[in-house]
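Per-chain numbering from 1; labels A, B and C assigned in written order.
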């Protein structure tokens, strides 16, 4: 009998090391994808050129032009970093929401945040000229998108609170308010001049290019801080999924953790959407893929889902940049086109077992 | 209940209207047969953008328009009074008269048009279904597609419009003006060899949204003697890779600025916001390394002088001068525009239409 | 350990109380059943004991210390709670679910000792085979036992069970009641349980508290509380009490071909 326990313990330990290995594997895969991605693009800058450009940093190489240097450092690198950060942010926002609301269908989109952000962006795009007194410059759209994303979350939370604090009312309120904002976006689109529509449509499809340095730093800070918090409270988050009563009886401050999760997922979604527009699907699928691969334990799922989200978005964007280059496919389209089949495959494989 | 009644009333009035139209149409066609034979010379026949033949008896007096580019031309003809209804994005041609809007620019409201009883409706062909077209035609309302988005067809279209609105003299003046400067461009570029032609990156209102060979922007570039670097792309309005633009290193860059940005266009005179917009544009990653930026061959064009009738003269000149500053150093486009405004519109030009402008 | 409840009152609004002044105490080695019709306040009392709900007034003390002054973690080490059985969605393996019970002791890292405790408990319950199964794929009875295992690894002094055997078949009902009895007899723990099945309460309880509309109707030994008079009073139904029998066949009859 003792042997049985030892065997089971070994099993458990093995599973744990497998999870750690998987996180490591994902990190390596992400680094490799990033390396491949930086050597691919619509211009002729390839692996060799990239190596020369990197070498040029240490010892001046006259064969390298300023444009080649800029393509590597000012265009591809920021874009790859943006893809990684946004993928991480959306995926972790989804992971948190799904855990806290005990509902596998929740994502930043289900709770209406993206629609709220889209409405903010549409106001900034269509009526931008009228807001010039605010002096936000190129940050006008991000600021509006961020503001409305947060406003949406507060509205959803307020409505849910006024009704009753259960998860299902929260989701219902989110879906309803999401519809309201999407109707408002349609209204703004409907009432707006034809000439501004492409910009709005473009924004609604999401784009990872042209995010200013300040935006990348803001995202980096937001992700670092929230990831530390999520890892710190990983056990509490694990237990949240068992429901309010169990969580409290196991010594978790349910209200505090819920508020914190709410704040974190709003922040992550809002910063990502603010700088890159509506990139669907990552927030729903990446956490599920992670859970299918390494389970629900937040201690592994947090880094895991960040890496899966980053990997998925970076792959999608690299494909989008190259498939019909120099024309670029909006990343949202590619994400869904590669993400959905992969997701369905995982579901079928899991059920088939 | 109230709503239902209202709807009933609307339906009934619609039916009555339809009946009346069918009757009048019948009467009309009978008398038409006689007059046609008597003096077919009085009839007006033109060909529209879609190649359809449009025949009317006398110049149009009452029209509904969904084409924002048309307004400018009507004002030129002094025919702004003919507009009795307009799409929501069409500027009111005569601010002293309150012309009602009849639906969205891309969704003509058939019922509202019928109630106004115009002689003709001007829309973009893409926004008119065959069913609606038939419905309007059967009510004696002509559907005319003179789109004014392809600068290479501008003179034909303006001529056709001149005939339709009975101001052939003004149309001829426009064509004369147009041809004078088209010839000028041709003359100036005569000695530019094919391989020396300037390549140009054309950007629409959205960042990195360009045009391929099928879009209106292509005609503008071609007329100004340039080569569109994105001509071969699949999408009509492709989003172009930033690094590709850098590597192609075009000789010139043009960006169209939407009138809704309210920094360029008629009656706007403050250069500061335009300069700020321009500075942001050329501050894009690595753009300082582009030949076009180094050589000062980057220009912002107001949408008023883009793919419009006006663009076929002024837009082309601005583009040509940007691409070939040497050849056009004696041409002051703003002065040409001023002259055009005085000759064809009879007033003074106020506004910013291009930036930066060189003498 | 001693739990003492003194004049406990609870109401969702100030005016209408669901629990109208309840007092009782629980010692180690005691299984106390809370019984009464739906809406009599049984579950509410349990949730107050556990600080899921905050009492309107009254006092709950654990070894003389007011629970209001105890931290959540301290509470969780002393009182475990098995929620009303629902088919709630819980993802993860059986190990993951049971490991949650170690939360009051774990800071971040799961120690070998934690794993051993979990496995030992699973073995005691003869559930070690299920350790790596997905919780979601178990039967209702298995799930309920796993949730009890989760409470066991908390190593508390007091267990609170909220209707642990509703919706289960008779075999599982008996299994779970025996389990509870074991904790009391062998481990000298205290168990407070909300039950609907009067037969089970009669058979397994040391003490029974019969509630009616948030107040105690009768309390004491099962035999003295669960009599025809009290049951008629509280539930409004007539019963026959037959010693040693669980089921009183009233409607069953042979079906003729």
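To be clear about the criterion, a contact is a pair of C-beta atoms (placed from the backbone, for glycine too) under 8 Å apart; a residue touches a chain by one contact, two chains touch by 3 or more.
Keep in mind it's a predicted model, so treat the numbers as computed, not measured.
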| item | value |
| --- | --- |
| Pairwise touch network: line, ring, star, complete, or other | line |
| Chain whose averaged C-alpha position falls nearest the assembly-wide average | A |
| Whole-Å gap between the CA centroids of subunit B and subunit C | 79 |
| Centre-to-centre distance between subunit C and subunit A (centres being mean Cα positions), rounded to whole Å | 42 |
| Whole-Å separation of chain centres (CA-atom averages), subunit A against subunit B | 42 |
| Complex contact set, residues of subunit B against subunit A | 68, 88-89, 104-106, 204-209, 230, 233-235, 237-247, 249, 258-263, 273, 280, 284-286, 289-290, 303 |
| Residue ranges of subunit A touching subunit C (in the complex, touch as defined) | 1, 4-5, 8-9, 11-13, 15-16, 102, 232, 234-236, 238-239, 241-246, 248-253, 291, 295-297, 299 |
| In the complex with subunit B, residue positions of subunit A that touch it | 41-45, 65-67, 70-71, 74-76, 78, 126, 128-129, 132, 137-138, 190-196, 198-199, 202, 207, 209-210, 321, 324-328, 330 |
| Residues of subunit C touching subunit A in the complex | 47, 50-52, 71-77, 79-81, 83, 88-93, 95-97, 100-101, 103-104, 106, 108, 110, 112, 115-116, 119-120, 122-123, 128, 131-132, 154, 160 |
